[in-house]
Amino acid sequence: MEKEQYQQLEQNVTPKPPYFKNVAKAFLVGGLICTIGQAVSLFYIIFFDFTEATAGNPTVSTMIFFAMILTGFGLYKKIGQIAGAGSAVPVTGFGNAVISAAIEHRSEGLVLGVGGNLFKLAGSVVLFGVVSAFFIALIKFILVSIGVVSW
Amino acid sequence: MKLLGIMLPLLVSLTLLSGCGEKEKFIVYGSPENEKEVETILKEEDYVDKTTVIQYDNSMLVATQIKPWHKWKKTKLEKKLQKKFDEKYPNKEVFVSADYKIFYEANKIKREQVEDNKLKDKIKKLKKLAKEET
Amino acid sequence: MVIVFQSKPSLIAAGVVAGPLEKRSIFSQHFDATYDDERWQMNTNEQGHRKMVEEACEFAMKKAGVKNTDIDYFMGGDLVNQMTPTNFAARDLDIPFIGLFSACATSISSVIVASLLTEAGASNLSLAGASSQHNAVERQFRYPINYGSQKPQTAQWTVTAAGYALIGKHHEEYPSIEAATVGKSVDYGMDDPFHMGAAMAPAAFQTIQSHLEQRNQKIYHYDLILTGDLGQLGLKLLKGMFVESGIKSEELQPLRDAGAEFYGQDETFQSGASGAGCSAAVFFSYVIQQMRAGTYKRVLLVATGALLSPLTFQQGETIPCTAHAIEITMK
Amino acid sequence: MVMTFVFAFFVGGIICAIGQLMMDVGKLTPGHTLSTLVVAGAILSGMGLYEPLINFAGAGATVPITSFGNSLTHGAIVEAERHGLVGVLTGMFEVTSSGISAAIVFGFIGALLFKPKGNVD
């Protein structure tokens, strides 16, 4: 059998991912995580000295704390199997990527294992976040300097 | 789709709750001076939902909540309202904030009937909070 | 490519041990032992992996009533970094050792090498087999165990199991190895590490076809043709390839896949089981027991392996695969 | 305030749904999807569109990973506004997203507390 012929067969046999179902589940779980985030945020606004503008930081940290607990007890991967991007896209997913790598590489010690592999999965997010922030700030600076836009 | 079955009623009830929460749209605490006038100013602005105004000495704290669908313009509307008050009361020290924290604390001040020195300290703290950046 | 063994070496005994999840396997009653602790009371997954290999070998030796000093060669492999679990088990077993890597096809490639040594008169008794441990393999080939990525329906579950068989001189009362086919490394351009069945099916097809051709056999000559870990989709593809080559689908009755059947219809395991331990565990427990009971007279065992590494996947390479087959008969 | 919960649900849900489409239809790995979303967040922030989204949807905009891009870019732009070209550079060192620090700390603690388990249940 030729390669092309086989690839045709493979296309026919392999089930397509259930697009609609997956998107719906991602939407619901992702939305739910953000709603929980909003509740955490309200908690910080009411009981601590945070405003709507500053509550984002403690909220994100708290959500990552939740992610640690869920990851440690092996629950996050189960949520992930159901929700897909719904649990990967919120910062809890970023936390899960860091924490799961840290737990996994504990057996190689704290320095070489945890230290060396902490950002094995999440490193690309940090890289592209920082680099894009740098270039966008630079572009904006240039645009402001030549007077196209204002700050 | 079990999830959908759980989430939908939850969302609907949340939406309904927001409707039930309607109380007074305008509260003034402290000196009742200019009460009607301030209320009229705020009524002219259709994006304003609820406002609590605290007046003391020569200062005024306008803690407002912007209607949900206008909220994305919050920063601009806050500035717009500040400008309007500054023009209307050039002799007063007016501070406008659309932040929920400020609104919540202003209502708390009214509920607990905080007075004089304590009030001044509290307001000072709130202003500092509102100016904090992320 | 086909090797015909004149002396017909026999599978004297075998030992299979498996982890906690494998209790759910439809083959679990055929295993010698299943353990509740996936780490075998050791500190790391890799140490547990090693312990599992040792225990499977001990079961095989105990059943045959022999000690490690009676065994001439130990042959095997696994999927973790440079096969260290097996290498370390070899240290503790203290038997002359050849490490083999054919990914998940190691269970059969090691039996082929052991049979050749037996045929050549170099070995009276050899241990051959393979193993895999879910946690240790997943973390190397995919993501950390606790990472919440969504596995597609095409994904397969690496089993925690070790299967080792004792290969000795021909004995009538034991299943005997008549012939073997060493597979080529076949690449049909598949590149999805979550769809290994599709990558491996062409390799299995080529090996089975060439074995049948050179042995002048048809599928109906066999009571069972059992592939290693194609999974439900891979098996479908393999059958599809036979149908396209002109064989009627009714004739494909003997064609089965250990990975597709391993966990039954449990959907948590998606397309089925995979890993070097999957074929080793099923071949060296269920198949050998059924042959000794007389259910099957002639069986073709085809272990399939995907020869990828995380490095080749990240560098955008496709996945070459191999399949090795042995023909076992029982008088 | 109650409406913010509803908006948080919908906006957060939509961002996740976009991520799911990128993975299913675009065949991107989770790593590629998240990196793309972070860059998208940074671009929206540069265009001044992310802050209105936070005002509108609260945690619906701060909880998805896109907010990383926003907080880093926002910090860099604020520094650039204050200190000019040097600010673009120093801004990069002065701003860190709280999410990254939290993930490092909780990752370390998690490594001390938990063991990886492969069981399905």
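To keep things simple, chains are lettered A, B, C and D as they appear, and every chain counts its residues starting from 1.
Methods note: contacts are C-beta pairs under 8 Å (C-beta built on N, C-alpha and C of every residue); 3 or more make two chains touch, one makes a residue touch a chain.
Just so it is clear, the structure is predicted and the values come from calculations on it, not from any experiment.
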Inset, instruction - When you average C-alpha coordinates per chain, which one falls nearest the overall C-alpha average? Tell me, please. - result: A
Legend entry - Interface with more contacting C-beta pairs, comparing A-B to A-D: A-D
Inset, instruction - Can you check how far apart subunit A and subunit B are, centre to centre, with Cα atoms defining each centre and the answer in Å? - result: 34
Legend entry - Interchain centroid distance [CA atoms averaged], subunit A/subunit D, Å: 7
Inset, instruction - Can you check how far apart subunit B and subunit C are, centre to centre, with Cα atoms defining each centre and the answer in Å? - result: 70
Inset, instruction - Could you tell me the distance, in whole angstrom, between the mean C-alpha positions of subunit B and subunit D? - result: 29
Legend entry - Per-residue multi-chain contacts in subunit C, two or more chains: 45, 139, 144-146, 149-150
Inset, instruction - For subunit B, jot down the residues that touch at least 2 other chains. - result: 100, 133-134
Inset, instruction - Give the residues of subunit D that touch two or more other chains, as numbers and ranges in rising order. - result: 1, 4-5, 9, 23, 30, 55, 71, 114, 116-117, 119
Legend entry - Footprint of subunit D on subunit C - complex, ascending: 20-21, 38, 45, 134-135, 138-139, 144-146, 149-150, 160, 268-269
Inset, instruction - Report the residues of subunit A in contact with subunit B in the complex, numbered from low to high. - result: 21, 24-25, 28-29, 31-32, 45-46, 49-57
Inset, instruction - Spell out the residues on subunit A that touch subunit D in their complex, using ranges where they run on. - result: 17, 19, 22-42, 52, 56-61, 63-65, 67-68, 71-74, 83-86, 88-95, 97-106, 110, 113-114, 118, 121-122, 124-130, 132-134, 136-141, 151
Legend entry - Complex contact set, residues of subunit A against subunit C: 1, 3, 5-7, 9-10, 13-15, 17, 22, 71-72, 74, 76-85, 87-88, 93, 96-97, 99-101, 103-105, 107, 120-121
Inset, instruction - Spell out the residues on subunit B that touch subunit D in their complex, using ranges where they run on. - result: 11, 14-15, 17-18, 21, 65, 68, 71-75, 100, 133-134
